[in-house]
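One structure below.
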Amino acid sequence: MEVGEEFEEARLMGVPEDSRFVVDIEGYEGPIDVLLALAREQKVDVTQISILQLADQYLEFVSRVRRANLELAADYLVMAAWLAYLKSRLLLPDSGAEDEPSGEEMAEALAFQLRRLEAMREAGARLMARPRLGRDVLARGAPERFTATTRPVYEATLFELLKAYGDQRRRVEGRTLHIEPTEYLSMEEALRSLRGVLGGITDWESLWRFLPAGLGPDTPSRSAFASTFAASLELAREGKLKLRQDTAFGPIYLRATGAGRGAGGGNDEGPGGNGEP
Amino acid sequence: MSDIDGRHLRLLEAILFASAEAVSERELAARLPEEADLEELLRELQAAYAGRGVNLAKAGRSWAFRTAPDLAALFTRETEVARRLSRAAVETLAVIAYHQPVTRPEIEEIRGVGLSKGTLDTLFEAGWVRPKGRRRTPGRPVTWGTTDEFLDYFGLEGLGDLPGMDELKAAGLLDARPALDAYPMPGGPAANANADAEDAAADGDLDADEQPEPLEPGGDG
Amino acid sequence: MSDIDGRHLRLLEAILFASAEAVSERELAARLPEEADLEELLRELQAAYAGRGVNLAKAGRSWAFRTAPDLAALFTRETEVARRLSRAAVETLAVIAYHQPVTRPEIEEIRGVGLSKGTLDTLFEAGWVRPKGRRRTPGRPVTWGTTDEFLDYFGLEGLGDLPGMDELKAAGLLDARPALDAYPMPGGPAANANADAEDAAADGDLDADEQPEPLEPGGDG
């Protein structure tokens, strides 16, 4: 609970005023936090920031961090990619795609997110600045109870109730724990699944349509995405399908090459664990 | 009255109110501005509270606010001793809330320990649980469930407001161990309880006299 | 004023005075004679204590005597160490207070970062937030809101008194409008958080009226 205090100190170092930028990503809670800090640097009033400039500042921030050979969490890179995309959308004429938001809409969404977060930070600060019970305002120091008779009144809080349930479940589960395999989609499974449908893909289709069906609800979709994507690369390498991506970070399409079907079944020459029975 | 400083009076009132014990005149004097006339202030304050629900009482050379003695009789519901529930009782209550209708042996199985005699009694006495019906299994054991008073006391609109396991976990009330609730309990009613829970509670009405099909679907055929 | 029963007023005063915690209107009503007009009594009592060293403060639907806020500076000696909250906890508390009822994914979406483990836990344990109900959206996520204790702690009469509430509302900053991740962002901390948010927030209040299935609880109808 006190962790945040440390964060706050580090944070101050991350937003220096001089050009000798002290790169300290530890100080930030995430990419949005960095963006907000950068926006504050840019303008005191968050409603007036330039999103384009902000995108540049963020990308510069990320490249500085990487130059310093610091590891960046994936979230930061994802945001960088998104901002690069947003930048291109803002700079290039509208492609006219119907179902996609315009660059301006995306920029406005980002600005809104930043304003809203800023507003919540301020609200939190104002809340904490209020007179508080036990510090500025005092309660009755000597609460009285009448103990003439002794019919007991039991007390418990909802928190205690839920905590107790959580604790006891953990205790009991702990005693009879059955470790089940983590649900994830292996590369082999993805390959197998993709090979199975390969013949049917005669026209360009989005790769994500080929995530295997019947995944458990807990399978992390990222695992399924990653494996299926890797499998598609492998099959492309084998010449069994073609991949296409029209824009950076755009959807990926795939199509079987002519001979697709024949190789589908038993061809196990792929590298890696395909030899597993 | 005219020579009384209202600010001093307010401060004295607040100090006496917030103190856990009677405050001595010496301490009061130390905490009030030097120019304050303590004796006069106390007399004034005592007069202000005379005949009210709360009086300013003097004990030796110390002062304290006390509920007016004649009201004691009216505090009928206050004449109760607050008692914290034992850990076992809280846990048992939680199990009943989450798994109802549930029999005593099932509670024991879920908790992994025997239920001591007084625990259910305590919860029953508190008005939070009650017998709900009987299982149609050999021995026809009584099933237990929570009452409206339980919901009322814990500020729940309905049983549906009890957070689910995943939410308990998300709130930090459960260990971080992945998919804790996905691990089946070995046999036993609890396992089924969990598995069925979702549609099980759909009709929500636990009050049917005779609770028909309980936790083990076809438990004994 | 003439229709106020002095004995009721004294009793109410005594009950409130005797308690360190705020007392809910429900509980007050239960402790007063049936014919007592609680609303009127509270108004009368509040007026009687206005401007004194001790005031009758309202916190949501609960009431408590509290020392007057302007005396704070004079109390430094009594002050207990105020609870220190992490930045994340303060921010989370603000999001819950201003956006309630709000689900965990929505909190994460607004803050742009996942909620770390103990944060909600801490606020819940402090008694400031609690589950309020469930959204009528897929998954029926639990919504969170603040408690009367929260209001009491920060000296607020109601949610409308939250600092800046009106301006924030007017500026549209409390809208459940989808922000960033409604747009194609690959992944992101809260990429899926928003999926439900839209209609979710549309129905605004906790779905008090319908709360069937407990997720886990094996209520087995």
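The chains carry the letters A, B and C, assigned in the order they are written, with residues numbered from 1 in each.
Assume a contact is a pair of C-beta atoms (placed from the backbone, for glycine too) under 8 Å apart; a residue touches a chain by one contact, two chains touch by 3 or more.
Just so it is clear, the model here is predicted, and its values are computed rather than measured.
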Greatest separation from subunit C - chain, by CA centre: A
Chain centre (avg CA) closest to assembly CA average -> C
I want to compare two interfaces, A-B and A-C. Which one has more contacting C-beta pairs? A-C
Please tell me the distance, in whole Å, between the geometric centres of subunit B and subunit C computed from their C-alpha atoms. 18
Report the inter-chain centroid distance for subunit A and subunit B in whole angstrom, where each centroid is the mean of the CA atoms. 39
Indicate the whole-number Å distance between the mean C-alpha point of subunit A and the mean C-alpha point of subunit C. 29
Of all residues in subunit B, the ones touching two or more other chains: 14, 17-18, 65, 67, 75, 78, 97-98, 155, 162-163, 165, 171, 173, 181
Among all residues of subunit A, those touching at least two other chains are 138-141, 144-145, 157-158, 163
Help me check something: in the complex, which residues belonging to subunit A touch subunit B? 138-142, 144-158, 160-173, 175-178, 180, 182, 218
Using the touch definition from the top, list the residues of subunit A that touch subunit C in their complex. 1-5, 7-8, 29-33, 74-75, 78-79, 81-82, 100-101, 105-106, 109-110, 112-113, 115-117, 119-128, 130-141, 143-145, 157-159, 163, 222, 249
Which residues of subunit C touch subunit A in their complex? 17-21, 57, 64-69, 72, 75, 78-80, 82, 84-91, 93-95, 97-98, 110-114, 116, 118-119, 122, 124-125, 127, 130-131, 152-156, 162-164, 168, 171, 173, 177-180, 182-189
Which stretch or stretches of subunit B touch subunit C in the complex? 9-14, 17-18, 31, 52-54, 65, 67-68, 71, 74-75, 77-78, 97-102, 145, 155, 157-167, 170-173, 176, 181, 190, 192-194, 196-206, 208, 211, 213-215
For subunit C, which residues are in contact with subunit B within the complex? 9-15, 17-18, 30-31, 52-54, 65, 67-68, 71, 74-75, 77-78, 104, 115, 117-122, 124, 130-134, 140-142, 206, 208, 210-221
